[in-house]
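Paired with chain B in one complex and with chain C in the other, chain A is shared by the two complexes that follow.
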Partner chain A sequence: MQGFRRYVIRRLMLLVFVIWCILTIMFGLFQLLPGDPTSIFIDSNFSPDMIERQKDLWGLNDPIWLQYLRYIRNMALFDFGQSFFQIAPVSEIMADKVKNTALMIVPALVISIVLGTIIGAIAGWRRGSKFEQSTVATSLFLHSAPSFFVGILVLMVFSYQLRWLPPGGMVSLGGPDGFWEMIVARDYWVHLILPGLVLVSREITGPILLLRSSMLEVKGSDFLDILRAKGLPERQIVTHATRNALLPLVTYIAVMTGLLFQGQVLLEIIFAWPGIGRELVQALNDLDYPVAQAALYVMALVTLALNFIADLLYGVIDPRVTYE
Partner chain B sequence: MASVLEVVDLHIRYGTGAGEARAVDGVSFSIEAGEYLGLVGESGCGKSTIAKAVLGILPPNGRVAAGEIRFQGRDIVRLPPAEFRQMRWRDIALVPQSAMNGFDPVYTVEQQIEEAIVAHVSWPAAERRKRIEELFAMVGLERQRLSDYPHQFSGGMRQRAMIAMAMVLDPTLVVADEPTTGLDVIVQDQILQRIKAIQEQLQKTMLLITHDMAVVAENCDKIAVMYAGRVVEYGGKEVFRTPHHPYTLGLCNAFPDLDDRERELISIPGAPPSLVDPPRGCRFAPRCPFATPHCSDVDPPLVEVAPGHSAACHYLDRAAEFRRMSEDPEIWRRAGEAA
Partner chain C sequence: MTHDTDGPGRTIDRRTLLMLMAATGGGAAMSGLGSFPAFAQDPTIELENPKYNRLYNEISGYYFKDPVWVKETATRLTWPKAGEKVPEIGVIIPTNQPDILDAFRKFATDGEQIGIKYNIQQMSPARWLETINKHHHGDIEVHPSILRPERVDPAEWLVSRAYGPDRRNYGEWVNEQYDALIEAQTKESDHEKRLKIVKDAQKVLAEDLYINQLGWGPSIIEAYNAADWEGVVKGRGFGLASFNLFHTYTRMKSKTGKKSARVGMSALLETTNIIAASNNMRSVGRMIYDRFAYFDENLKVIPWAIESWQRVDERTWDMKLRGGMEFHDGKPVTVHDLQFSLDFLRKYERGIFWTANRFLESNEIVDESKGVVRVRFKEPYGQFETYFLQLNVILPRHIWQNIMAEQNVGDDPRRLRIEQPIGSGPFRFGRHRKDTELQLIANKKHFAAPNIDELWVVVTPTLDGLLGRMESQELDFIENSSIFLTPSQAKQLERAKHVKIERTEDINWYHGVVRISWMPWRDYEFRRAWHHATDREFLVKVPWEGAGRVPLANTFLVEGSPWYNPNLPPIPKFDLKLAREILKEAGYSWASDGRLVYPSPDDSKFRQRIVKVCKEGYTWGGLKMLA
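Moving on, here comes the complex of A and B:
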């Protein structure tokens, strides 16, 4: 257990270092952006004197190292400042957008992982069967279908033609707002169906294909023969095999979730879902630096945190992993 | 009373890309209660395939094409799968070739032994635990190690745990398929002695599969020598004392004898024939130093040379002469050049 603690500490230190690197790169990038906040934010009719005063107020006239230190401190404290265009602190906006994105992604993720694992395991176990062949073909097809196209297609069919489902948004106008109210509201789930379906159709293919191939690998193991010789029922043997085949999935899920958190720009736009991806694009268009900066930072943090959890989890599910 | 295991004219085939391989081609032998039979032969002669068939774990491309495997008089090849499944481990257990990978790496050793019990009998947890501890003691493992994962065991410990697992339901027949593969010589010896001790103590009926003549000579009551899917010589200890088949002679020469260090080890030149398209006549003829044209034409049947001892060679009457000649390495070398 001591080895484990040391491992966690080392891993945490690395995490902090990586976050620092990301922050520094971001700082540099935003320095390179054309213009400065004053030119966007401030009316051109302001006198030079007023502009100077504003710059002083924001600390833009301070030496760069001071600006950098202040920036690092604020980021570490999740103090992202004020949006240029929305009358709200950026941290509040971020919390809201992260929640919204999670509301779209998490249900789709859970379904994709659970269902994908089961389908992939069965496909791998029954190698050469009709089921396996059709699963692989379907998965490859879904995996390569571009989500913006599929998204527009399902919108056309189910929303505009059949009028079964709402065309976008998280809830109807005047619908529930808070996290828990939404979870229990039928309205939210109805809005989730289309984007959720598009997401699942793409994300489920990963676990399916991964588990199928890792199952094929496990199938050659000698211990399966022993389990069979022990006279265990088939179901139990498949469980053993699946448990072994699951190991690579843990890392995959972490990476996949991280990517999902930042990659849903297109779906969020198509389905008018007020998530973090859409917010980032909007902020970049508006040159709303504080929001863009915070969105990038939050996405990076989510990805890093998930990878960190995956690393720890690996030791839990695979007894062969030690931290010595 | 019926034999514990009786294999009658067994044919096993594997579907391969090049056609059907006749891995086992008309093999018969039997093991009586309390007997220890050794099945010897080179890699690929079909001996492990027989073990797999006895346990019902042939790979998907393998099938029993003909013949019977009778366990206590019942043909297990044609048993309904559910019934056969119940018999496995409870009646017929396995000490596998691959102790290294024989355990599932993500379950503890105890869990894996326990699930074998649970699959067949409904003992309460305390009794299961007691039985497992008892067996661990029998094979000389500490009970604290029960909650370990397989990778925390050394190769020898893993094989001992395998033996404990095989014995857990007190099976009638134990099949040991090359149980010492991948272990160093000292551990090999310990494992074999352990198996032998258990066999004698518990009066187990055992089938040992190995390529090592010396191991069989030391442990077994009965020997079946296999070559290219067939039994070429079969009998009691006299198979070593007075071997009749040239292949058995070759095998005996190929293993060192501690009592006679001066003796030169002689290997049998050449390689076993293809099982997809086996040669006509005697399958050993192409490598046999005593083969005649007749040998590669007509397949010799298994003939009794003494009560309970049989061999498959056209020239059994010249066995004594062959035995003497086979001690000369030159004879084998010439056979190798001819082939």
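Moving on, here comes the complex of A and C:
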């Protein structure tokens, strides 16, 4: 237990250091970006006095070290300041967008992991079967298909042509708004079908292929022979094998979730889903630096946090892992 | 006027230094420091007319106070040596304008035939905007017109794009006769007299070959759901589905009993504070807050919240508030609201309202019972109907009078958070989910009450999404700040039975403004040749698929605008042979690699043209060549 505690503290310190590095790099990048944050905001009709006042207000006339210290403090306190254009605290905007992105990816993630694990395990267990061959071929095909293309395709077929499903948005016009109100509403789930389908079609391939490979390794293990010798039915043996094959998936899920969280820009645009990816792109286009910085920071934090959790879970899941 | 090397040297900060070093390889940035003598070689740039000193010296980081600008400009104000080639022509095109990129690729190919080499770069729209604002865009600034009601007024473009002392005069053209006309038209309150001055100014602009109108267009082609709606209003220059000229949404009628219409937009409101709005809230906001006057579909000024107005003298007007108006919360609109609005918008000068009110000196209620307010301007004012009345809106005093203190925003109304805007306009602000939807509920008590009950604005970020939703009848209209259809898109949409395609007379343009203060553009003959080397027909016929017009003249106020001058010199025809002859005649020659070579430095006619910049008969007041 002592070792575990020391390990957690060490990991936490490393986490803080990595966050500081990320923040510093982000600050440097935004400083070096070819662009003046005021130029996009300041109307060309502004008088010079007004321009100077606006720059003062944003602290852009302060020395760079002061801007840096203020920035680190604010980021540490999750005080992202005000959006240049939206006249709202960035933290408020982020909270809304993170929630929306989560509403898109979490259901898809759960389905992808559960189904992917089952299909991958079966495929690995039945090596050489038609099921395995078709699973691998389909997975590779889906993995290679660009999601924006698949997204446009399903929209054209199911929304524009057949008109079976809504063409985008999280709910219908005037539909439920609050978080809880939304997730219990049928309307939300109907709107989730198409983006969810596209996401699952791609994300499920990771667990399938990983589990299959992992299963192939586990399949030759001695402990399975012991289980067979004990007379356990095939289903239970597969279950035991799957549990052992799951280990690499834990890390993969952490990484996959982080990437999923960051990588839905195109889907959010195609399906008019107001998530954090779309917000980041819009902020970068508009040179709305506070929003862009906050979005990148939140994305980085999510990835780091998930990796941290995965590291800890490893020890919990696999008794062979020690922290001494 | 001298460029004070101490100025930029002392004011440069480290961030600028880093950016400059990255952008220029270090020299320019170092020269800005002043403490590095090896780099402290900023040249002395002067102006012909000291009247313009203020602009070039007034803002830190711009013109003489911008080391990058100084470095780039000084290079182009240096007399060419014998046999020196004409430098590459730099053009920056925003990535969202592929049609113009295509056009410039063609211009570049044609340019090679007369020895002109282009350097075309693409940039994101935000970066492009920043680059042109700092005048770092190279030789040619390209720009589309985006029409808003206040831009029907001739001063909007004539001033912003060509008036010597304006920062948005990206080519730094300083024609003293033109500037005098611009100043005169701003102060001329008699419409006929102003029209004459505006026409004269256009003539100077066209004759001096400063701007190059590349195409008049693109045409306004729109699709709407004609199975459900009729009575749409096609506003000249705006089309039928514009929120800037929203008559369709107040007058259209349902064919099927539907009371709710859906309008697609690629982006919605960035803020609901009309004073902070730099984008769609400008137009949507004026559906919620009543403007003073408006345009009808033929661009004739019509009364709106101000029922009538009376010119008292060249600086003074009496405005009569329309009676019986109500705010959306049921409170009556009174003359005190009108007075308060003007006081508020004038006191807190910001952005778009500031431009409308900076000339305003005072306003007073002269007859409360009749709702008459007298406005007085600081000087004679020519833009009363087409600018002042179009931009200003009526704010409810009972909501706004203490709002600055309540929200603790100091003197910056841009920081106000207005969650639920309340105005007196034809639509009430309904449900709003940012980046998703906006409900505008009809104000049935309004003097221009909509026939429909509500309008839903639906955010659809992609063009494919907008077209797909129109095809599947999810949308009834597409707000045209998001898109004008190309003929091929229109043809595709027309296959859907419910869709009707409409084309509206446009007054759009797309132009290129040359950096006339720089070599080689200072040479009128070079400009003339370049105009003949511009294939405008290509832009109209190929990238625009024929949906546009080949310009008739080099003016911002194109045929169809109420301010158009039909007697302008015709636009130079595309003729590469003639362009080559003009250059040859002017003393230019060609190097063995085909590149154009400046005339000899001893050529007195050439030197005279470069010093004069303007066409014969006009006076140049801008940057001088370096000694």
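Just so we're on the same page, the second predicted complex is superposed on the first by the 323 of 324 C-alpha atoms of A that agree within 3 Å, B and C clash if a C-alpha of one lies under 4 Å from a C-alpha of the other, contacts with A are read in each partner's own complex, and residues count from 1 in each chain.
We take it that a residue touches a chain if its C-beta (ideal position, glycine included) is under 8 Å from a C-beta of that chain, and two chains touch if they have at least 3 such contacts.
All values reported here derive from a predicted model rather than from experimental measurement.
Steric overlap between chain B and chain C is absent once the structures are superposed on chain A; the two fit side by side. Once the two complexes are overlaid on the shared chain, A:Val184 sits clear of chain B and of chain C alike.
With both structures placed on the common chain, the touch criterion links A:Phe223 to chain B but leaves chain C unconnected. Looking at the shared chain after the overlay, A:Leu77 reaches neither chain B nor chain C. Chain A is touched at more residues by one of its partners, and among chain B and chain C that partner is C.
Once the two complexes are overlaid on the shared chain, A:Leu232 sits against chain B while remaining clear of chain C. In the superposition on chain A, contact is made by A:Arg320 with chain B only, not with chain C. Shared-chain residue A:Arg243: touches chain B; no touch with chain C.
Figure legend note: chain B and chain C, brought together by superposition on chain A, show a least Cα distance of 49 Å. Chain A uses no single residue to touch chain B in one structure and chain C in the other.
Interface residues of chain C facing chain A in the complex, by the touch rule stated above, are 13-15, 18-19, 22-23, 58-61, 124-127, 129-130, 133-134, 160, 167-168, 262, 267, 270-271, 273, 276, 278-279, 349-352, 354-355, 412, 414-417, 431, 433-437, 439, 456, 458-462, 464-465, 468-469, 471-472, 474.
Those residues of chain A that touch chain C in the complex are listed here as 31-32, 34-36, 39-41, 43-48, 50-52, 57, 63-64, 82, 85-88, 96, 152, 155-156, 159-161, 163, 167-170, 173-174, 177, 269-270, 272, 274, 278-279, 282, 285-287.
Against chain A, in their complex, chain B makes its touches with residues 52, 55-57, 85-90, 93-94, 96-98, 100-108, 115-116, 119-120, 149, 151. By the touch criterion given at the top, residues 221-223, 225-233, 236, 240, 243-244, 247, 317-320 of chain A touch chain B in their complex.
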